[in-house]
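Sharing a structure below in structure tokens format, with a few things to ask.
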Amino acid sequence: MPFIPHTEQDVQEMLETIGVSSIEDLFDEIPPQLRAGELTQVPEALSEMDMMRRMRERAAQDDGALCFIGAGAYEHHIPAAVWDVATRGEFMTAYTPYQAEASQGTLQLIYEYQSMMATLMAMDVSNASLYDGASGLAEAVLMAVRANRKSKSRKILVPGTVHPSYRSALEAIVEAQNIEIVEVEWDQQSGTTLLDALGPFTGEDITGMVIAQPNFFGQLEDVNALTDWAHAQKALVIGLVNPMAMAVLEAPGNWGEKGADIAVGDGQPLGVPMASGGPYYGFMCCTSAIVRQMPGRLIGRTVDLDGKPGYALTLQAREQHIRRSKATSNICTNQGLAVTASTIYMSMQGPDGLANTAGACYQNTQALVEKLTSIEGVEKAFSGHNFHEVALTLPAKASAVLEKLAEREVLGGFDLGLSYSSLENTVLVCVTETKTDSDLEVYKLALADVLTELNG
Amino acid sequence: MLIFEQSRSGRKATAQSPAAAADLSGLPEAFIRKEKPALPEVSELQAIRHYTNLSRKNFSIDTQFYPLGSCTMKYNPRGALAAATLPGILNRHPLAPESHSQGFLSCMYELQEMLKDVTGMKGVSLTPMAGAQGEFAGVAMIRAYHQARNDDARTEILVPSAAHGTNPATAVMCGFKVREVPVNSDGDVDVDALKTLVGPQTAGIMMTNPSTCGVFERQIEEIAQVIHDVGGLLYYDGANLNAILGKVKPGDMGFDVMHMNLHKTFATPHGGGGPGAGPVAVGERLLPYLPTPIVGKEGSDDAPSYRWLTDKDIPETIGNLSAFMGNAGILIRAYVYAVMLGKGGMHRVGEYATLNANYMAKQLEKAGFQLAYPDRRATHEFIITLSKQTKDYGVNAMDVAKRLLDYNLHAPTTYFPLLVPECHLIEPTETESKEAMDEYIAAMASILKEAETDADMVRGAPYTQPVKRLDDVKAARELDLAWKA
Amino acid sequence: MPFIPHTEQDVQEMLETIGVSSIEDLFDEIPPQLRAGELTQVPEALSEMDMMRRMRERAAQDDGALCFIGAGAYEHHIPAAVWDVATRGEFMTAYTPYQAEASQGTLQLIYEYQSMMATLMAMDVSNASLYDGASGLAEAVLMAVRANRKSKSRKILVPGTVHPSYRSALEAIVEAQNIEIVEVEWDQQSGTTLLDALGPFTGEDITGMVIAQPNFFGQLEDVNALTDWAHAQKALVIGLVNPMAMAVLEAPGNWGEKGADIAVGDGQPLGVPMASGGPYYGFMCCTSAIVRQMPGRLIGRTVDLDGKPGYALTLQAREQHIRRSKATSNICTNQGLAVTASTIYMSMQGPDGLANTAGACYQNTQALVEKLTSIEGVEKAFSGHNFHEVALTLPAKASAVLEKLAEREVLGGFDLGLSYSSLENTVLVCVTETKTDSDLEVYKLALADVLTELNG
Amino acid sequence: MLIFEQSRSGRKATAQSPAAAADLSGLPEAFIRKEKPALPEVSELQAIRHYTNLSRKNFSIDTQFYPLGSCTMKYNPRGALAAATLPGILNRHPLAPESHSQGFLSCMYELQEMLKDVTGMKGVSLTPMAGAQGEFAGVAMIRAYHQARNDDARTEILVPSAAHGTNPATAVMCGFKVREVPVNSDGDVDVDALKTLVGPQTAGIMMTNPSTCGVFERQIEEIAQVIHDVGGLLYYDGANLNAILGKVKPGDMGFDVMHMNLHKTFATPHGGGGPGAGPVAVGERLLPYLPTPIVGKEGSDDAPSYRWLTDKDIPETIGNLSAFMGNAGILIRAYVYAVMLGKGGMHRVGEYATLNANYMAKQLEKAGFQLAYPDRRATHEFIITLSKQTKDYGVNAMDVAKRLLDYNLHAPTTYFPLLVPECHLIEPTETESKEAMDEYIAAMASILKEAETDADMVRGAPYTQPVKRLDDVKAARELDLAWKA
């Protein structure tokens, strides 16, 4: 009986105490016709040894290629210490710190996380995290609608340069909330959102606007101008950012004259493995002015009966287990363990380490661009500046090129044609600090080879 | 001491990032950050020592009995961690081509199939990242179903008064009005009242069975009939699925849609409050609306190939709820757990969870505690009410909970469900031994004695933890959410 | 500065406190001519990321073959929990429990280890472990010489069926101690030590005798008869055993009329990975009568000032840090972390789990024997019984066969010709519980293929 | 509570072994075990909870400052653990063919080369499994050297009185008589006395430099001359190598052979008392005697291939000291550490270890403690003597050590070296921060105050640990070494 400690004698003693003669008797309140028969799709148990062997074989199937895909999930070096400490039983197998006195470890850690994330975003406060970046964006939009009480339109501007999956998740999540999501057109030349495109909305009642930095194409938006424009419309600004990039790029709290009102994004780059898409976590920061509209958990510093500092869940009155149908969100957890890892990661990077890591991503990306654009017909798709992703136009369909590259064990990027019909010859390529010069050379040789094969 | 207080300008965990700053001169000044973030500057040893010591201030399943009701704090197999951290799994990019994903996809497909089987449902989407997001997906599908039929009048979701707070919050997020259904003194829903509440406005009902009262809703078939008769659908909150895993399938009870909390029933770690995973399962009627992506299988059983099903395959889907496929790493752990449990183990979960809860209930009753539903079978959890102790000694449910910490036992869930005063909701789970429970029972008996003889002492508890009781009012009034230099 | 936390300011403050102007000044007592120049064989530092990449590449070079080698190191399933817990910082980065009050974790664990190992060997007591099985055997021989005060010959009988590397390590370690190691001939038909071979020694002054179970060939020795013979000569009996096998085979404490006096061996099979040969640990158990002659650490249960049970190093007066040149051994550590893993391993196996695991090894070995001996010319080298290793005679030189098998990613066993000139066509093959039927089939097909290739 | 006390007959961690008992009927009854071993029968959760909680009763580098003199308790990089547990490394069989060992062998070869460089020696064997075994190998080589020259009269090994206990114990194991060399009050060897002790009977001398007195032996060149002149060899005990790593090479001081403690100088974990690794390095004269196996390199630098060198290659070897190649997993960690430190980092180890020790020495002196060698530079460690406190307050070195535990600081080494009364040997290592040391200094100052005002309290320490002081006499008199049912 895997993981069940009961001996035959234990069971007998317990049944006697209860006063029944079999475990079956304990189910006597359940209508007999509801009782399940044998399971048909669950096979016989495997021992841990057999399970591990299966999993090793399956893992090996997917392993070994050089990965240049980004598009929302990023391969970074994670110090060995990070998950060694994060998977200590006391972190990994604890639950939500409802009993604060017996959860000071998790509580202080989250307080530190909130502090780190707030300074990284140059914002006043951070919550304890949300599910992921995409659902976090949806929560940020809902928050903006709650927080911008003067705006009646419930209209949110979302540039087309925002991650397509984030936009569709946003739609799915706020769908029933009577919120108007308006897509802002992007400039085909620069791959960014121009003030021109906002012209039609100037003077309108706009509740909020999302500004991505870098944007989905890896391009840098003119965040200062966009922020100031949005604030001029009395819209709240939601900065959607890659937190790793914020070590070198200006952070949302410092955008434009007044800074963004909310910063949100996916925390995955900060010490969380790609792991097929999750668990990651959504971070969310905001100004003090609107903290009471923030969804998700918050940890506050306070004192105990002896006046000694301690940490506790706070502002719980916003949450569903107290407010029920009037809660700010139905969310009732954070992504505690992922945040634990990120906090340790950030503490081991420090401001300089994080900047050096982010800088190496930038540098390596520029180096790959140089290499690849030396191939006939390969060009940067957009003018302007980018961080660690870049859209490259190829002399062939991106889908065909990527398939052929994969055969050569190079995962060459994301096919932008999947999300933008005008970009079917364009791949979005990501290079992080994990790639060496010889990796870049491997990519270049494979791409040249593939293009020769495809184009004769 | 905070990590920030150990920071010294210029200190660095040198081995962990490139030694040199990059040349950013290619970027215009306007984009560049002007002021460094005030992240801590510490050595690798300082970071490890700090966070290792912080971890030691936590209670956890690995260190204590943790019978937190409704949370299913069962053993989290270390084998699942080992499998989920195999390099080929941990480092797989979510957008890796299917040619480089067959290993992962095969696990996800098999998990879908197993979850369909244990729930008695027809389709599963693994994508919701938590129970509450599973609830959202489920109710959004109910909404989509009615919308597709142009059944626009269905604006209400019914929720029993004992329900988890997420249920009404979710219904509101999906644009519904919430109506509460009263619960009888035996813990079952008041079906007569229910009948008066239903009608053409009823989109559906959200229920947990066993309910948060720790009892099995015996009239579930009649309730299903009532709801279905008026055209509504039934949502099953899988929070308590551990009670009936292998014994009863929600699909057989008449539910149309449900979520599972894999971090409860499938033993994935709670991680200090997430991440979990909240897959949704649906019956026939809601299949077209499942959230994307889902894993599909093609080819023969001998040479299967797996691929992602997206909105191209499921055009009426409620859409995607995350950037990728949800909490894949948690799903892998749940898959591994299911594989190690197997058919036989799966049948035993509900049995032994129930055995443990009934044993504890009976022993605590003998020790002088009052069961909230003394005439009912406990399911996987049960409720005691400390109203008498509160009245007699001024020692309330919270005081007893705090005092348990001094006995090195985690407190149960307190003051939930809301309808039972001064309550403890206690869920031992099937992985705890009789001795662990006996220790808890003995501690409770001892605290009862303490309450009789030294109530002040109990009210001052805990005494053995890193801090004493915290000032929650100050925390909320004088908000301090981030360290400032 | 990897792993050094000093900031420039720290250094200045510290130098000022000391009263010197540079770190260099702190070395002013060292004759200048002794100061080292630059290192020439140590390359520039790699970051953890670059180091891990190198190590992953090197590890991959050696990975992937099916391993049927035993010969003293055994591939067993190790539950994931074992090293997860053993590598917790508090176990891994603690030192020898000199401060008992702050080391009760390690101390109690070793007490439990000693208890487990004693019951597994059916002996009275166990020490806290030695370096490995081979050096442990040498320590057992030295102990026997100390303990058998009535014997003056310092003569130890060691059968030729004892692991050849153990015998050579024994020679190397006791070399200067004036001890006579006498090899006992083994029977070529049964691959065991027969009483006949001991005839010449009957009636002599023998200090001790080593009896291996299973022996190096995997064969089962008639341990009862050998033990009784040795005791009849007033020799002490040193049982050299595979601890995994002791879950199903009779343990040293129960051999013959009186049982062995010392049990020793390598603990590796109990939860310690093969890891290229170490760290493993040598276990050593003995009867109460001679415990004061036992080398290595011992943990005893005692009480504290309040009468509460606690654990402490004991009988330290035997050890080198007290006795210096009169110590029982120069050993000053045990193999704490390996023992930690083994203790957790044994607690998760229990008596039945360990017996089932050992039994599966036995069963799988018999299954492989059946498969391989169905190949023309492949035969069991010896009559009699074996546990989970077996010597197989091939119709070709073992070295050639093993080389060809390795090309097919099958590590087919140990070439007995390396240690026994009469056995150059014989391989020692090991099968543990980790091997499936299809693994055995892979071996069979590969072997058939290789033999065809070699013999035409 | 012992794990045995949680055992219940029939309980099992089911996922961890084959479910069914094997058929052993092929084996004669005489071989079969009759009575089960009394191993604990517990669940997986019970085992994890028990050992996790036991771990929490330890002090360790990861949780506390641990300035145990002569033990070099520096940070053990987690990256080394990650590398050593890569499957291809962890699961490699020690007898795997060289075709399947090139990755591993290349690391070992490079480690040999790096160790030769930092020690200034000509050859290295990695095989000794601990410092003491390294000492054994070294002295056995000295013996082999003299024997090969038929220089049979060399029966004595000289050992300074301050030496580690392993030195004389090792010399005896190698068949030598031990003669102690006195040490002057400044911590240096009494060279005049030494000269009277040497002669044709002198096989060699075993020394540590810096010595266990925490000072650098300034006359080392003269000592080498004296020993070499009479035909003896010099053994360097590498226990204190951390003090001079990158600054001075033992080979340059005139030593002929040495061992290194990789678990000290190369930061491999101490593991609660092992495993470590104690490679030996030798100068020209002892090359023929190195213990086997050693890794050799063949082919060009571009396409190197590595193979084992055994007694076929080194016919005069003292032999093998373990079944395989020693503690390979520890050697891998040391290799990784060296690679991450690199040339520059290696030079800094001795510098910062020395800086830290001198800082602490000075601050403790200021705080009122007496240095054993106040006129000497501290090396990587230093000694204070509490003779005055013992006399004035009756608070001795052990009392102060125990009281430090209450301050959440590990005690230093006490009562070693034997020649300094009531001493603390304190070694902070280079990986500790100034703040950690300042905390220790403050604690010592505070304890000094306590000794003045409440000596009884200090004598009763510790008070905050899982147990109070233990009855060592009872432990030895009423030997209880194994649990009995």
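Points worth noting:
Letters A, B, C and D mark the chains in the order given here, with residues in each chain numbered from 1 onward.
What we mean here is this: contacts are C-beta pairs under 8 Å (C-beta built on N, C-alpha and C of every residue); 3 or more make two chains touch, one makes a residue touch a chain.
In this text the structure is predicted, and so the values were computed from the model without any measurement.
Looking at subunit A and subunit B, the chains that touch each of them are C, D. A comparison of the C-D and B-C interfaces places the larger number of contacting C-beta pairs at C-D. Each chain gets a centre from the mean of its Cα atoms; for subunit B and subunit D, those two points are 48 Å apart. Subunit D has its Cα centroid 20 Å from the Cα centroid of subunit C. One simple way to say how far apart two chains are is to compare their mean CA positions; for subunit B and subunit C this gives 46 Å. Residue positions of subunit A touching 2 or more other chains: 1-6, 10, 45, 47-49, 52, 77, 79-81, 84, 87-90, 433. Counting only residues that touch two or more partner chains, subunit B has 8, 11, 15-19, 42-46, 48, 52, 56, 61-63, 75, 77-79, 81-82, 87, 340, 431-433. Residue ranges of subunit D in contact with subunit A, taken from their complex: 8-11, 14-19, 42-46, 48, 52, 77-79, 81-82.
Within the complex formed with subunit A, the subunit C residues making contact are 47-49, 52-53, 77, 79-80, 84, 87-88, 433-434, 436. Residues of subunit A touching subunit D in their complex: 1-10, 45, 47-49, 79-81, 84, 89-90. Those residues of subunit B whose C-beta lies close enough to touch subunit D in the complex are 6, 8, 11, 15, 43-46, 48-49, 52-53, 56, 61-64, 75, 77-79, 340, 431-433, 435.
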